[in-house]
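Given below, in the form of structure tokens, are the structures.
Presented sequentially are two complexes of subunit A, the first with subunit B as partner and the second with subunit C.
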Partner chain A sequence: MTALPEIGFVALSAALLAVGVFGMLTRRNFILLLISIEIAMNAAILNFVYFAAFSSGADGLVGQAIAVVLVGFAATEVAVGLGIVLVLNRVKGSINVANATELKL
Partner chain B sequence: MILEELAFAVLAATAVLTAVAALLVRELVHTILWIAIFFVDLSALYFLLEAPFLGVLQLGVYAGAVTVLLLFGIMTTRKRIFSREAATGIGPIPFGLAVVTFIFLVAAIAEFPQGQVAVTSYDPAALSAVLFSTYGPWLLELGVVMLTAVGGAIYLVREGRE
Partner chain C sequence: MLIGAGEMLSPGYTNVQYTWLHLAPAPGAFPNGFSLVMGTLVDPLSGLMLIVVTVVGFLVMLYSIGYMHQDHGLPRYYAELSLFLAAMSGLVLSNNLLEFFLFWELVGVCSYFLIGFYYEKPSAASAAKEAFLVTRVGDVMFLAGIFIYFDHYALAGPAGLGGWAANGFVFVHGATPFLAGSMGGNSTLLTIAGILILGGAAGKSAQFPLHVWLPDAMEGPTTVSALIHAATMVAAGVYLLAVTSLFLGFTSFDLLVIVAIGGFTTLFAASMAVVHPDIKRVIAYSTISQLGYMVLAIGAGFAMLGLFHLFTHAFFKALLFLAAGSVIHAVGTQDLFKMGGLRKTMRVTAAAFAIGGLALAGIPPFAGFWSKDDILAAVYSDLGAHPAYWPFFLMAYAAVFLTAYYIFRVWFLVFSGDHPRDPTLPHAHEGPWVMQVPLIILSAFAVFGGLLIFVPSFDNLLLSGNGVAGVPPTYGTTQIVLSAISVLLAAAGILLAWRLWGNGRVFVLAESSPAQALRRLLLNRYYFKVGYDWIGQKGVYTVARAADFFDRFVIDGTIRGFERMFAGFSDRLRRIQSGLVSDYAAYVVAGLLTVFILLLFVAPYVVSKWGGA
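This part shows the complex of A and B:
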């Protein structure tokens, strides 16, 4: 049976979320923006798996089941995001999100 | 026990460093390489947490499919694959916001009980049994969302659309 530091995984998730937020706020390239969102989402999934591993009985399976569904949602999001990247590139000639201003108020 | 703590420390440090490197390097292809290492590293963490099914899923979906999709995204939107990204300065406000996020989260984490807890291991067969019985509607919903997303993506990129 494995024994691991309790606080380590939550701290790691917090650090990864901070890196993701940092990327979302600073990057202008759509692909880098997608990657930042993926990093933040992976932090959330890691949290689900962590709490699942440290709970006993059937509760742990709930966390892992949520994590499986979340991985599927994240992959879907990347597919749609890349569709938007291709359209943005075709319409604007670049994938810089600073150029995509037409839906702004 | 010491070996597992050491493995966690190395994997956690690698995860944070590769995530930061992926966002800071100038070449987009290098970004993809760093993020692939990040995904493989997270998969190793899942194996450490005794969640083998999720570890394999992470390897297949993230390190495999998502990485290749992102690479295709770069290949179809650039004239040259190895072209450098225009330097974007890191302003003080985004950096400050990220630091504040991290400090708030660390403050919340400090409330956690300290110490070590034994990891419970689950049989992947039990997980699949639960997924396809109790949480079956979630999987159905995921399927519907994926189908809608595929339809939406095809509608977005189809030819002859202004």
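This part shows the complex of A and C:
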């Protein structure tokens, strides 16, 4: 494997992850929470694509394949998440996660 | 029983031994090995006892049908009675010390059940507890004695002599007792073990100073008293002493202690019987006193004579108790000073009680005479070799007079005179035939039982029973003089009883008489019970309170402290679970960061410091 030409790509995905995590910890709106998770997940996908591009042979193909699978995962997650949003809105009358804290001792 | 009878009639010593179970732990578990044996041994000793246990047990069962017919809980009564007899039969058939102890405990617990048969009555419940606890003192001593034998012969026995425990403490018959002979036992340790065995026997057989439970055991039904006093409970202690002295052997110091306890108990118990107003308790004291004779005989080295007295005593004592039971059944009280004149309405009972009394007093030709006089003559013949036995021999002799006096005091108070002293007593009548037949059968035994020593093979059994020679009753001048003296003493006792109590007379001791102090002392049973109660209340209760304090505040306090600590800790930990999704996300992120830090910084450091390969 050759030396990585640019640190910028990795820095970009790290920044995306940081933004996503920050959003997860601070947002109370469920939809914004989902968007934050998407951002963090896309940081990971970006890493796969990036490293696949610098790999040769089967390794590169595997990286790209995982990236595509992860895009599928993200879509599934959003589908489930939006389903939860609908139910939450119906039960609680709002989609603020701070209102849904029944699951505790 | 048939085997036992057959054994008895064959000359010399023969035995039938059968081992049912033999459990040995892994070899090397104990230095000299140890094993557990369950089996039976039928020899003249147990044959004699089996006859006593089964015959008296059967008659008591029969009598109970009449005596107990108004009582509730009869299934329990008969179940306990049967267990009692089974335990006693097992005890006399045991072929080793551990099995013996097993049945010994079973006998103890059955006596607890039966003494407390009327458990609704507080006095009966407490008498049962007392009997159990007092005999337990003896049981613990017995067990400690077994431990010493175990320690001496299984764990640290001298080379070549460690086989006894490995064989499961089996009773070994030999020309000389096992421990005294081949085991070379005359050590301090064996003396202590012998004293402990004596302690066990004293507890079961109500010998001084563990005698207090027996008079209180009168709280049980009279039939139970008859059984306990004749065939089962108290016989176990004497049997233990006999078995130990014949098979294992006591050291000479042990023998002196046994003689002292037995001789002293005869007079001590007889003196208490003199003043007591309760018909059953008088007979109870007479049992303690008669057991003293047996212990005396065994201590002086005449175990078979002791067992012969046990044999005759079982019959006439069961007779006395069952006759007393008939009286109690008829008049509904145990107070001698309310009774009187019952001779007219209860002829069979009066005759039976008189026969039992004559046998107890030792008037020839009744059973008690032969066995008691054999004991006295045998001990007398031994006095030359053991001058230390003199005082105890004299005590036993003096007790003959008291015995005759107190038992005929009872007879005259109950049966002579014209009418009951308490006119409110119900009109007395004889019990049903199931109560009379046992009285008649036991009367026959009480009359003729002692003559068995003139049957040649029975005689042989008694005198050379287990290879331990007794003295043949030669009936030379010495024996005849001794017998004459004891018969005269007994006759004097009966005459005194007649003078004081006969024909409806009531002897009242003057208030100013100096003998009043003695009377109070005797009525209070030498203050032994008070003393034991004091020990129980003050001594044991103080210790119990201290233990309770320790348990409540130290042990429980520690546990509660831990409990509070963990409860507070978990209460705080609980609050972490807020239910808020963002908080959980924060924990996940924090955990992830921790793992990163550990992998990136801590792990390389640890590996560089301690990692080997």
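Quick note on the criterion: the second predicted complex is superposed on the first by the 99 of 105 C-alpha atoms of A that agree within 3 Å, B and C clash if a C-alpha of one lies under 4 Å from a C-alpha of the other, contacts with A are read in each partner's own complex, and residues count from 1 in each chain.
In this section, a residue touches a chain if its C-beta (ideal position, glycine included) is under 8 Å from a C-beta of that chain, and two chains touch if they have at least 3 such contacts.
These figures come from a predicted structure and were not determined experimentally.
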item: Subunit B versus subunit C as contact partner of A:89, first or second or both or neither; value: first
item: Touching partner for A:103 - first (subunit B), second (subunit C), both, neither; value: second
item: First (subunit B), second (subunit C), both or neither touched by A:33; value: second
item: Subunit B versus subunit C as contact partner of A:72, first or second or both or neither; value: first
item: Which superposed partner A:12 touches (first subunit B, second subunit C, both, neither); value: first
item: Subunit B versus subunit C as contact partner of A:21, first or second or both or neither; value: both
item: Partner chain(s) touched by A:46 [first = subunit B, second = subunit C, both, neither]; value: first
item: Which partner reaches more residues of subunit A (counting touched residues only), subunit B or subunit C; value: B
item: Doubly contacted residues of subunit A, that is, touched by subunit B and again by subunit C; value: 21, 25-28
item: Subunit A-touching residues of subunit B, taken from the complex the two chains share; value: 1, 4-5, 8-9, 12, 15-16, 19-20, 22-23, 28, 31, 35, 38-39, 42, 45-46, 48-51, 53-54, 57-58, 61-62, 65-66, 69-70, 72-74, 76-77, 85, 88, 90-91, 93-95, 97-99, 101-102, 105-106, 109, 112-122, 126-127, 130-131, 134-135, 138-139, 142, 145-146, 149-150, 152-154, 156-157
item: Residues on subunit A engaged by subunit C in the complex (per definition of touch); value: 21, 24-28, 33, 97-98, 100-105
item: List of subunit A residues in touch with subunit B within their complex; value: 1-12, 14-23, 25-29, 31-32, 34-36, 38-39, 42, 46, 49-50, 52-56, 58, 60-62, 64-69, 71-80, 82-87, 89, 95
item: Complex contact set, residues of subunit C against subunit A; value: 574, 577-582, 585-586, 589
